[in-house]
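Going by the order they are written in, the chains are A, B, C, D and E; count residues from 1 in each one.
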């Protein structure tokens, strides 16, 4: 039954879009900076999935190549991002984003 | 040098006093007290001399060519508009210059003594000279605009001289009041000039014959607007309010400006612009009635005044009313005639009053005078001449002038005007009699007690510089009537025939019956004598024993109304100034500050509020910022949805 | 078969994603993230991207998630997050906007997700043989410049990490300035 | 329609040296020089200021002698044009015509006077620098014939003035300075968009390249921009200039700025800067869009009339002497706008003359009030009393200035107001009837002020006030003397206005349905406007 | 499973000349890193790093100049598989970035010494960030743009958080990082969708594709476009994606703020112009209104929010949002005129912003936290030259004539009016009025007497040599741009050829 469905790239793309949305909503609702950051990873993954799905749909290898770069970016972001979070934690003993509001107005 | 060459130099006449004024303004302090006065007087005398020369030069021309425009330059020129700085000498302006400079010289001379010891002595003569120059520009101007220059110049000098003793608040206020009230008239004058230019294409007097071709409404509008100017300057109802207050100025000023010359400028303007009044059907009537009513009104007010100068001031208003009455009925020459003789006797009266004030150490209240003829015989004598002249006693100057006006009104068919004039004449005789008796006869009410007053404190006759003008003016008041006697057949109406070229548009009607004229004169004389007799009867001993005024006593409560000039001034203050001030305050505080500036600041406040709002949005929470980003994204996506091809 | 795999993976991925944003403990979130990453990796395989799938597991699932877990444990913040949000509008608004985004994307894209035309010569290899060579070829020809750019990125990551992580021996210049809330 | 109106052709300078450019640059160079003088040598700074401004005045006199006065010389003279910002089509184009000549001279005259009046001011160095920069910018405004160059100066003028008010003013000076700056900048926002729009409409026409050259834009826009476009653009220009003038209801910055500015600032502000607005109307708004100007003239006339009466009434109610004079400027500039938008030769001439005259008389009044402030440190009328007695010469000068300001015939103010009213009467009679009441009101508020401040017996504080000094006399007397001279002999000025004004009015008539009703000619000799034949 | 007989990979020819500027800059960074590691304790390591950085910038500038000569002569071209564009546009933006970097480095030198911060790493990050910006300016492929964006952003996250003594600095770093990554993710997703819709990430190819095909269903493309706009809008700090700006600008070390405002904006706008005006020219009807709204919002929000601020740095931050709005006015004209106007504006803004923030750096003194308006009270009396310079920069930002700011505004409004956008020009001018109010508030404070409310005590304000040089350069540049802008305007005009083929 399920097997009868022809899974076109569109399926993957819709899935990716939902994943992207969940990631962005997660960023908005969570207060823990680490989790917020994980949500960004979800969004990047959604993009990756989109690229790969398009690679398949367009029959073009570029989409897959781009994922490599995304991975590098993600890695670099994680390295720096976590370092920032750690640095802040050292001072404040807390990773809740809402408490970081010295700058406002 | 031909006569025309001489007349081309007419600019000299106003320039002489102008130079005097300039010198005195710049170097007055250095010139010092007596010299400044003498310089000013000399300038006036020279101007008089020049006027006389101009008069004879003009006379030497045939009557129809007695019209000359002097050398000068273009003053204002723009587009099709042009006004020259040139002086017109014709019989009218020549006459005016003669009496302005003549009387002016005498009053300058008088002032030398009168102003003795004043701390701003040179300044006074500077203003006086400036006034004379302005007045001469006014009468000699070859177009309305130049006349307006003089018109405003005399207004300025009037302001400066009324508030000459500006330390006194009343003087300062009076000066301002005079100028502002005059400006109301100027409003009319200016609009009249605009209308004339737009309809006639020029402001030159030589072009005013064109008035004949204007529509009736235009010509009436012009005439009435000019008359508005004249009302302001000549203190006619309802713009008369400034003149009584103007008595705050030094007495020579009152004599020169507020009796003899400046205030008659309105009459001069009407005569100068007579084509408009002639060709208008109704303007003349308006002028005559305003004049008549003012004459009567002012005369009644004069009945109960106690200030020696205020009586004369109201009298001046009244006499000016007569002049307008004359002008209104087309008797322009008669108006000028009265103007001239009025200048003589009213200047005389004012100077006499000044002499009294001088002698009484600045006392102006007639209730504290009396019996002065013993101490000031020359003053008293000349004052009596002035009194009889203004009262219209034969054969003094006033008789002839007033008689001519009343006759013209009568033969014009305006019996009501004539009757009003007659009643006015009676009142005039009465209030002048009252003044003379209060001041020069009766008890010496100025003595506080029976204690003898030190000799130097007693009233005394002024120095010769002051008495000479009195005597001269008294002489003129006596014989002034000679310049125009109503005996056409004998060619004795010199003034009328002299002015004829100017007034060609307004020929005097032939007075048909000499007998009728004689009867009218007799009646007028009778009225004057009645006034004198009644006045003498009431005031022979001055005031009543209890210090009350006999006439006021008989008038009862109405005396108060008269004393306050029918409350016009007060009413104006209360019902016009009050609301106007309130309105102005509303504009400046309510509208300007609150609404307009408030709106401006409101816009600023709006930005500030917006900033505060944005500030609240900027919570400092990173998730909120992300929310804003997502919100923007959604908005963009919504927009994109409207653009996309599905 | 493909459909079955897809739907199972999709379910796993979504469960993982929701887990990330709903788990109260960050450690759990990280683990849910791992679930999602693995699910995505499977889908990569489905899409003929074997190498990418492998890298996904190696770099993402192992390296990155481990790094997350490491930091969580290092900092000892594996406490439960309070569920109440101090800004009450934030969560409903976030959900509404999120739904809107998803709906917009899906509606707009509709059934026409792909409109582009692939350039010739860079086609995927047939599924059986894999794409490694093609991928390498593309990476070192078409994308060689991008590849070189990643070098800068890595340098930054290293330097940045070092700078931030180092406990500086610098003294605060002004106590009040350095510790506004101390 | 006068179809054969020749386009106004600029006459290039034949001097062999760029006089107009020098007029702009000499003060700027002076400012730079003053900037280099050390702080502790204020006397050197002052000397630089005096010498520079005096040199500029001398140059403006030279300009006067070089200015052609023939009846046909209606165009721009001493025209210079050099490339400046080629990419944007902006050229450094300067020229002078009858309209700008006297504005330049007025600026050049008021500047040394302003500096001299401020001889005792603190922080002399920066003061002098700002004043000289202001002079350069203002002269630039009047000489610029490239719309953007004009705008550059128009906008730049704000900066020195802002600093002069904020730095050397009194009272609520910072508020005033800020208000002044923001108000004018708001207006110029519209002006700027207007300028750009005209230039682009021009550039879009076939065969045209982008230019901001005023003569070219004038010729083209007046003939080719019409209808609603022209009206909108006219409004954009008008908004910019109306704030500067200022027209009711955009005037509220003026009393604040004038009152709180230092004396020299007030003099320049009232003397020159307000005229930039009316100058802008004459240089841009009206020639660019004649039909729109004619169509919208009633609006401006109404605002002008409101300004005249309203300004006067509000002035009367002010308790502060300087504020009274400030509000009187609103009224005076109302006459200028009234005359200008009468669009008759007399009206425009009158407006121009009033611009000049107001600079002299109000300048003198502000100088005098400033001296009073130096002595008494107050502007409140209630603090003054009987000053005339205490300071007779000063009082005399003040009264003279008062009457000059009221527009007494014999002073320059009258010539301008009379011509403006006369010109307006020909086309817009009833506006003039209302506006003429301003003549009465002017006397009311000025004389009332004089009465309150100068008459009566002085109290102790006022009695001790020293009279005017020589330096102060030197600042005031030339202004009043000039006002008197021009009131009695305005011909040198009017003659130079004439060709330009004539060309302007003909330009408007040729490109609009304006019909100035011909003045009737009913004189007996049938010769009109020839004066009296001898 | 590489077949043994597979042919070797043939590298595309690497055009070293095309990438020389970036390489020079990055090389300087590497040299500093190496030097720092090898000779750690040498006392002069700071000076050496500084000189290296300046040398790197200089060499890079030299190459940019050479490229300009080449492009001018032989025309623009693409290099390295079409990923790098060597054209006037890149040259212009790179020049601006280099200039801004130079000023920022000069500014930082004194700052680092004053604050006692780790110099070499800071410079490395700044140079790397600048390298990213340079790459962004020349990127002709969305992937290259994305990578460049990440390079510059990640360096800036670290730089923003660099001053570890101040919590505010770290907070700025964290906020910037979280939001920046978020927007990068959105941007990346946009790239993905664009790739799907057009089949390529290469801007030239996208443009060609869109020029040759009319999409029957362009939903995906438009979503992609929207996401690209969000990502880039975030970087240029356009409202409503601007909210990080005030916080980050305020918290970051002031020289970093200057660098962010000046150079980042230039790079980000280069990307905006290349992507929208260049590649998506065919879709101008769709994106222009969106940019219109962004421009208006930025103008209003940036100006109005600054009105009530009391912190000078924050005021300037908000105003930088407004300035983004002005540049967007030029962008949304979508014409050559608009592009060159935007370029000129970016160039001018770089100078004005760096200058203003330089003075802010100096006034903040040791601790970098004296930014409130009260600190500026009486500055004109105590430090007239400094106050004068700040006045100049602020007036330039307000758009006063005879400064570069005026010409910049003139150019963008010029472009807007040319494109028929009268209302936009008007709104821009009115926003400038509000902006002027903000700037004048600062100026007023400086010229107010110091004793009005008693200026807070603090260490003496000192201007070190390199900061002084930076200030002088900025001041001279701003006057140069205002009085004889012709050269730069011509440069910007010639640089509008966006896409090299």
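Points worth noting:
By definition in this document, a residue touches a chain if its C-beta (ideal position, glycine included) is under 8 Å from a C-beta of that chain, and two chains touch if they have at least 3 such contacts.
Predicted model, so just to flag it, every value in this text is computed and none were measured.
If you take chain B and chain C together, the chains in touch with both are A, E.
In summary, the chains found to touch both chain B and chain E are A, C, D.
The fewest steps needed to get from chain A to chain D, moving only between touching chains, is 2.
For the interfaces A-C and A-E, the C-beta contact count is higher for A-C.
Compare each chain's C-alpha centroid with the centroid of every protein C-alpha atom shown, and the nearest one belongs to D. With centres set at the average Cα position, the gap from chain C to chain E is 28 Å. Remark: chain D and chain E have CA centroids separated by 44 Å (rounded to whole angstrom).
Centre to centre, using the average C-alpha position, chain B and chain D are separated by 37 Å.
Chain A and chain B have Cα centroids lying 96 Å from one another.
Across the assembly, chain B contributes residues 604, 615, 618-624, 626-627, 630-631, 633, 637, 640, 644, 646 that each touch 2 or more other chains. In chain E, the positions touching at least two other chains are 143, 147, 150, 154, 157-158, 161, 164, 167-168, 174-175, 178, 182, 186, 195-196, 199-200, 215-219, 222-223, 246-247, 309, 437. Across the assembly, chain D contributes residues 182 that each touch 2 or more other chains.
Interface note: chains touch in the pairs A-B, A-C, A-E, B-C, B-D, B-E, C-E, D-E. Those residues of chain A that touch chain E in the shared complex are 13, 20, 23-24, 27, 33, 36-37, 40, 43-44, 46-47, 50-51, 53-54, 57-58, 60, 62-63, 66, 69-70, 73, 76-77, 80-81, 83-85, 87-88, 91-92, 97, 100-105. Per the touch definition, chain E reaches chain A in the complex via residues 143, 146-147, 150, 154, 157-158, 161, 164, 167-168, 170-175, 177-178, 181-182, 184-186, 188-189, 191-193, 195-196, 199-201, 246-248, 250-251, 309, 314. Those residues of chain A lying in contact with chain C across their complex are 2-7, 9-15, 17-26, 28-32, 34-35, 37-39, 41-42, 45, 48-49, 52-62, 64-69, 71-76, 78-80, 82-87, 89-90, 94-96, 98, 102. Residues 1-3, 6, 9-12, 14, 19, 26, 29-30, 33, 80-81, 83-84, 115-118, 121-122, 124-125, 128, 131-132, 135, 141, 143-144, 147-148, 150-151, 154-155, 157-158, 161-162, 164-168, 195-200, 205, 209, 213, 215-223, 366-369 of chain E touch chain C in their complex. On the chain C side of its complex with chain A, the touching residues are 1-4, 6-7, 10, 13-14, 17-18, 20-21, 23, 26, 29-30, 33, 36-37, 40, 43-44, 46-49, 51-52, 55-56, 59-60, 63-64, 67-68, 71-72, 74-75, 77, 81-82, 85-87, 90-91, 93-95, 97-99, 101-102, 105-106, 109, 111, 113-114, 116-119, 122-124, 131, 134-135, 138-139, 142-143, 146-147, 150, 153-154, 156-158, 160-161, 164-165, 167, 180-181.
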